[in-house]
Amino acid sequence: MQIHVINPNTTASMTDKIGACANRVAAEHTQIHVSQPDSGPVSIESHFDEAVSAVGVLEEIRRGEALGMDAYVIACFGDPGLLAARELTRAPVIGIAEAGFHLAALISTRFSVVTTLARTAIIAEHLLDQYGFRHNCRRVRATDLPVLELENPAGNAYQALLEECQRAREEDGIGAIVLGCGGMADLTERLTHDLQMPVIEGVSAAVKLAESLVSLGLGTSKHGDLAFPRPKPFSGRFADWGV
Amino acid sequence: MQIHVINPNTTASMTDKIGACANRVAAEHTQIHVSQPDSGPVSIESHFDEAVSAVGVLEEIRRGEALGMDAYVIACFGDPGLLAARELTRAPVIGIAEAGFHLAALISTRFSVVTTLARTAIIAEHLLDQYGFRHNCRRVRATDLPVLELENPAGNAYQALLEECQRAREEDGIGAIVLGCGGMADLTERLTHDLQMPVIEGVSAAVKLAESLVSLGLGTSKHGDLAFPRPKPFSGRFADWGV
Amino acid sequence: MQIHVINPNTTASMTDKIGACANRVAAEHTQIHVSQPDSGPVSIESHFDEAVSAVGVLEEIRRGEALGMDAYVIACFGDPGLLAARELTRAPVIGIAEAGFHLAALISTRFSVVTTLARTAIIAEHLLDQYGFRHNCRRVRATDLPVLELENPAGNAYQALLEECQRAREEDGIGAIVLGCGGMADLTERLTHDLQMPVIEGVSAAVKLAESLVSLGLGTSKHGDLAFPRPKPFSGRFADWGV
Amino acid sequence: MQIHVINPNTTASMTDKIGACANRVAAEHTQIHVSQPDSGPVSIESHFDEAVSAVGVLEEIRRGEALGMDAYVIACFGDPGLLAARELTRAPVIGIAEAGFHLAALISTRFSVVTTLARTAIIAEHLLDQYGFRHNCRRVRATDLPVLELENPAGNAYQALLEECQRAREEDGIGAIVLGCGGMADLTERLTHDLQMPVIEGVSAAVKLAESLVSLGLGTSKHGDLAFPRPKPFSGRFADWGV
Amino acid sequence: MQIHVINPNTTASMTDKIGACANRVAAEHTQIHVSQPDSGPVSIESHFDEAVSAVGVLEEIRRGEALGMDAYVIACFGDPGLLAARELTRAPVIGIAEAGFHLAALISTRFSVVTTLARTAIIAEHLLDQYGFRHNCRRVRATDLPVLELENPAGNAYQALLEECQRAREEDGIGAIVLGCGGMADLTERLTHDLQMPVIEGVSAAVKLAESLVSLGLGTSKHGDLAFPRPKPFSGRFADWGV
Amino acid sequence: MQIHVINPNTTASMTDKIGACANRVAAEHTQIHVSQPDSGPVSIESHFDEAVSAVGVLEEIRRGEALGMDAYVIACFGDPGLLAARELTRAPVIGIAEAGFHLAALISTRFSVVTTLARTAIIAEHLLDQYGFRHNCRRVRATDLPVLELENPAGNAYQALLEECQRAREEDGIGAIVLGCGGMADLTERLTHDLQMPVIEGVSAAVKLAESLVSLGLGTSKHGDLAFPRPKPFSGRFADWGV
């Protein structure tokens, strides 16, 4: 089975990290293809970054379709372009935010999200509402770390993240923590050990959900509102996306 | 006051229609600038079309900012790129779906939405949930007209739309109808007359809300999660959007 | 266009203040008529005050209809008698609480309400639920100032209000503040300046929404449950209200 | 124990009917006082009728307090003036709509409401939302009978009501029916027999809830937002309501 | 009227306490039968304890049916087996959690729950959601007292409970407190006196609701999804429960 | 990895069917242990059946723990005893209703549930609410087939089920169907082929979710409200469950 893991931003070190995380959990016969868009922001920390990155995600899906991918993972916590991506393929497409929420809901009654900048909390809140997990989430917490600070080996991102998770553990009445950024993928094991409670990271969660759907023969429904988009002319820089 | 009305698709006849509608309702000292993106789909009938069009909307906002616009209207019923657009400006940005919902809620206790293709109903439903109007809306109805059929003078779009509106009027227990496509902007008056009940069209609604906010000195809040995006490098086709 | 702005309480100084605020924002051709009921409480700080004041509001609407008003504003934050008032006219009727919520939702993702007495917070909460803005509002805060303390030039109402707004700004993760009392109408500009974030006051918001609806030819729907009340006998002090 | 049952409209035959119903279910030592306001509409079929009747209800509460009543029932399905009435007394105050909903929720998983005019359905819907019974109610059904038609011995109100209840029974997937008008109080037994399912009528339900609270020593909380209104001047026709 | 009050746990002292509380509030002609299961846990402090205790509750209901009971009360705050119990009888069955929530909603706009162990708060939250009282409840507070500590005359359970109630009173903006454990039944009067606000205890509340329903001729609906279970074979230790 | 799949009812043919379904989808190194309780009903078609079966489920979990199972599946659509089961183990425990809902939400925007008896629809509705999938589910449909009719080779269960699924496909505006009974596990492939849309069956879904969690090192959180139950005495037939 071939799973295409898409890092929606253009930072290669994060793409590598995400790929390593995906490979670590992939099943024996699963092949992980990891990529990042040619075009877009180096990190996704706003609705604007997210809207631009969605186009990059869709381009990667189109490439994946040409290569016959069996499933896709969108490895940014805002799940940019998720429903649009689903329209482009019969394969399952999983966002790491939804993946984290789904698995957290299976092992705890309540969880908190710990993310990067405070301004991105609203994105998580909107997803919790849209996906139906509003009541499962006690609180969306921010460390106020910029995403790329997670890429800085000299930084103290881990410490800041750990402290916010500890506050969540003490104050929120939760059973699990969902990490709110794909760039935290490599910290899960260490956090789990230091917190002694389940810490869920969306990239690995999404890979397993994708594997599960594929092995069940389930893919994005083409009956109804996720059917392939009606072919139509596109103009300008997107001319090649139309008919 | 200068209001930039953006038609997110690339069909000039629809841009003209939207501009005419905006001008018809604009206040004496309001100047309407209407535009469409250089790049994107000829119509927006899916999450995919919407995601691509959002980039076009953002480019138009950036142009508008260079011209010192006082407010923006996003004239597609899915409100593509709305929150991202708000991050790019201190000016108010109004989507026509939200505008229609807000005004409908002020003149009726319940309304129905009548839109084009059934597959786009889910987009309206998600917006109703996100904006908080789920309980105000009895039903989202589709005529199953493709958007561009509204541009076909030889077609029977009006008749099909009228009949669906009449069903809404008879069956839904509503006080108003919200038209679910910017391309219906020119049919409002005729529908209102034929239905003898309020019919709300988002372009005109959004123009008046934009004028209201500007005249009150209110614009998109730059305190908190709609602040300007953090400057950062963008690559590839979006290289010029970054620093 | 003639807009009748009704102060539901009987305190003339507040009526004047509300009228001044309405006139400050009214469009060139808008004429503001401001009035207060002959009968009712000097301030509205409870469900009881509100229920009594609703009758005064309805009397003012009936007078307004005789004068051919084009729109009405109910200038108390509990929106007393709003749906009843809508039944009495084809004109739009806007409450200042709903007006504040609607505009706040257009310029921020989340807002807080800052009101007077703690006991009135429940009224705001019920309106947030009924109107669908529960998720947009982070918190309803009370200063515990009696309404009429806002009329006391010697008092320190402004300072108390500013401090509560500052707490909202620091603690609530919001982009805007909605002032929870018509008597705060004259403090908006000063608060906006001191807080450096959008502060929304319902009287001015409602005047612009009323102007918007009128200029669009939209009024309270007479199709369905806001139709004119069925004529019937009324007795006693309300005998003249029936047939 | 003395329970004051208030018919918020001014139709004596309905007051008698409500009194008879209350007496039929009252406990041995319960004394029922039934009254109607001096002023107000002959029936309550709109938000307007309701707002006016609320003042009558409050006057009756004030009279009841002078007489030392132990509890109050507001016998109109819109529960007019309920929260305001609670502020005026330490005694429990029960509305017949809430009473019907509460008891229906204790004997079935889902119920439907069958009321009079379609235009009043919105009032029931708003109460279901405010009280938290939205999910317990499958449907609010209207017979389109004017309230006073229930007082017309020559009419076929019973038949129309029965047929709507039968449709509810067949189509709604419910376990109980809540009658949506105080004027239906005398039809409960017959409907229960003809439908062979529980039919709940609010007057009797409210009397038992009132008795329950009184016998438990529970009354309207005076701690917090239902405390007695702050004394203040009232003017005009309400001058005697103030200080 | 005979009401069977079932203590779902097997601690006789708690059964006695619950019985005493039920008798204290029972009407003149009401006979209280109190019992506890032969089998099950000594206290209910988890989903596991609750699931096991539900079987004991159902056995007691079956015994009650053999004795012709008129109503049942399930005297554990998790309402274990409530809907299953309702299927077994035409009589009303009331849980003490729902009883507490219903009465609290009739005398206050908002309440808080004060319970024993923090781990049981989730049970109360799920019930608040299922019953529709989520918005009426400001907070579910835990004292972290094990249930049986309430049976320990030498313990300081009362003090701990009082302090948590005082925090609720000061911090939560509420009008009433609902006690979250059947074992607190005997402390209600003292707490009410010490807190000077309504404190609602579910056993007494449930007894009065049961009396109310019986006296109205209302019982669990046998139309629809609470009908008697279809007879079928049961095996093993439950063999005698089947046909 | 060893997954214990528990059929909560006592019908061996259904246990075999469920086991076959689980084995069909299990990963290479996954060993499926399938069992049914010694005690309980032959089918689960009511809250009563469900409450009794929960005890059987808990016994099977206890046996599984003794055998060192890595995960558990509760193979009845009501997810009987789910939270209680989670308290008994560090392993993941997945119910087939939740599993079906979670996967359906990943491949469609809206789904419908097709179940057996109408009376069980309420169980599915309560789960949809508790799990947060209320908005994802358009409708819960019943075939009114008793569960065991699915075991009758001579019956026309398939035809009845297909026809209800076809109605769901045509009328509900959905992208997927969730089968509402473990006994339908063997019909999924055929239904998928005949309906040409995704049909999701909970047993296979739950096995893959269980495998996913185990392979990620995630299990039921023991921090917070799913921690192991406090040891305590149990009496009677459950004496061996206590200390």
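Each chain carries a letter (A, B, C, D, E and F) given by its place in the written order, and its residues are counted from 1.
Throughout what follows, a residue touches a chain if its C-beta (ideal position, glycine included) is under 8 Å from a C-beta of that chain, and two chains touch if they have at least 3 such contacts.
Predicted model, so just to flag it, every value in this text is computed and none were measured.
**Q** Could you work out which chain's C-alpha centre is the most distant one from the centre of chain E?
**A** Checked the centroid distances; the maximum from chain E is B.
**Q** If I average the CA coordinates per chain, which chain comes out farthest from chain C?
**A** F
**Q** Between chain B and chain E, what distance separates the C-alpha centroids? Give it in angstrom.
**A** One centre to the other, that is 52 Å.
**Q** Measuring from the mean C-alpha position of chain C to the mean C-alpha position of chain D, what distance in angstrom results?
**A** Roughly 29 Å, centre to centre.
**Q** Using mean CA coordinates as chain centres, what's the chain B-chain D distance in Å?
**A** Their C-alpha centroids are separated by 43 Å.
**Q** Listing for chain A: what residues touch at least two other chains?
**A** Residues 83, 86, 109-110, 118, 121-122, 129, 135, 173, 224-226 of chain A touch two or more partner chains.
**Q** Once the touch criterion is applied, which pairs of chains come out as touching?
**A** The complete list of chain pairs in contact reads A-B, A-C, A-E, A-F, B-C, B-D, B-F, C-D, C-E, D-E, D-F, E-F.
**Q** Under the stated contact criterion, what part of chain A meets chain F in this complex?
**A** It is residues 25, 27-28, 83, 86, 92, 94, 98, 102-103, 105-110, 131-136, 169, 173-176, 192, 196-198, 200, 204-205, 208-209, 211-213, 215-221, 223-226 of chain A that touch chain F.
**Q** Can you name the residues of chain C that touch chain D in the complex?
**A** 10, 37-43, 45-52, 54-55, 58, 81, 83-84, 86-88, 118-122, 126, 129-130, 146, 224-227, 229-230, 232-239, 241-242
**Q** State the interface residues of chain B toward chain F in the complex, per the touch definition above.
**A** 118, 121-122, 129
**Q** So in the complex, which bits of chain F are touching chain B?
**A** Counting only chain F, the residues touching chain B are 109-110, 135, 173.
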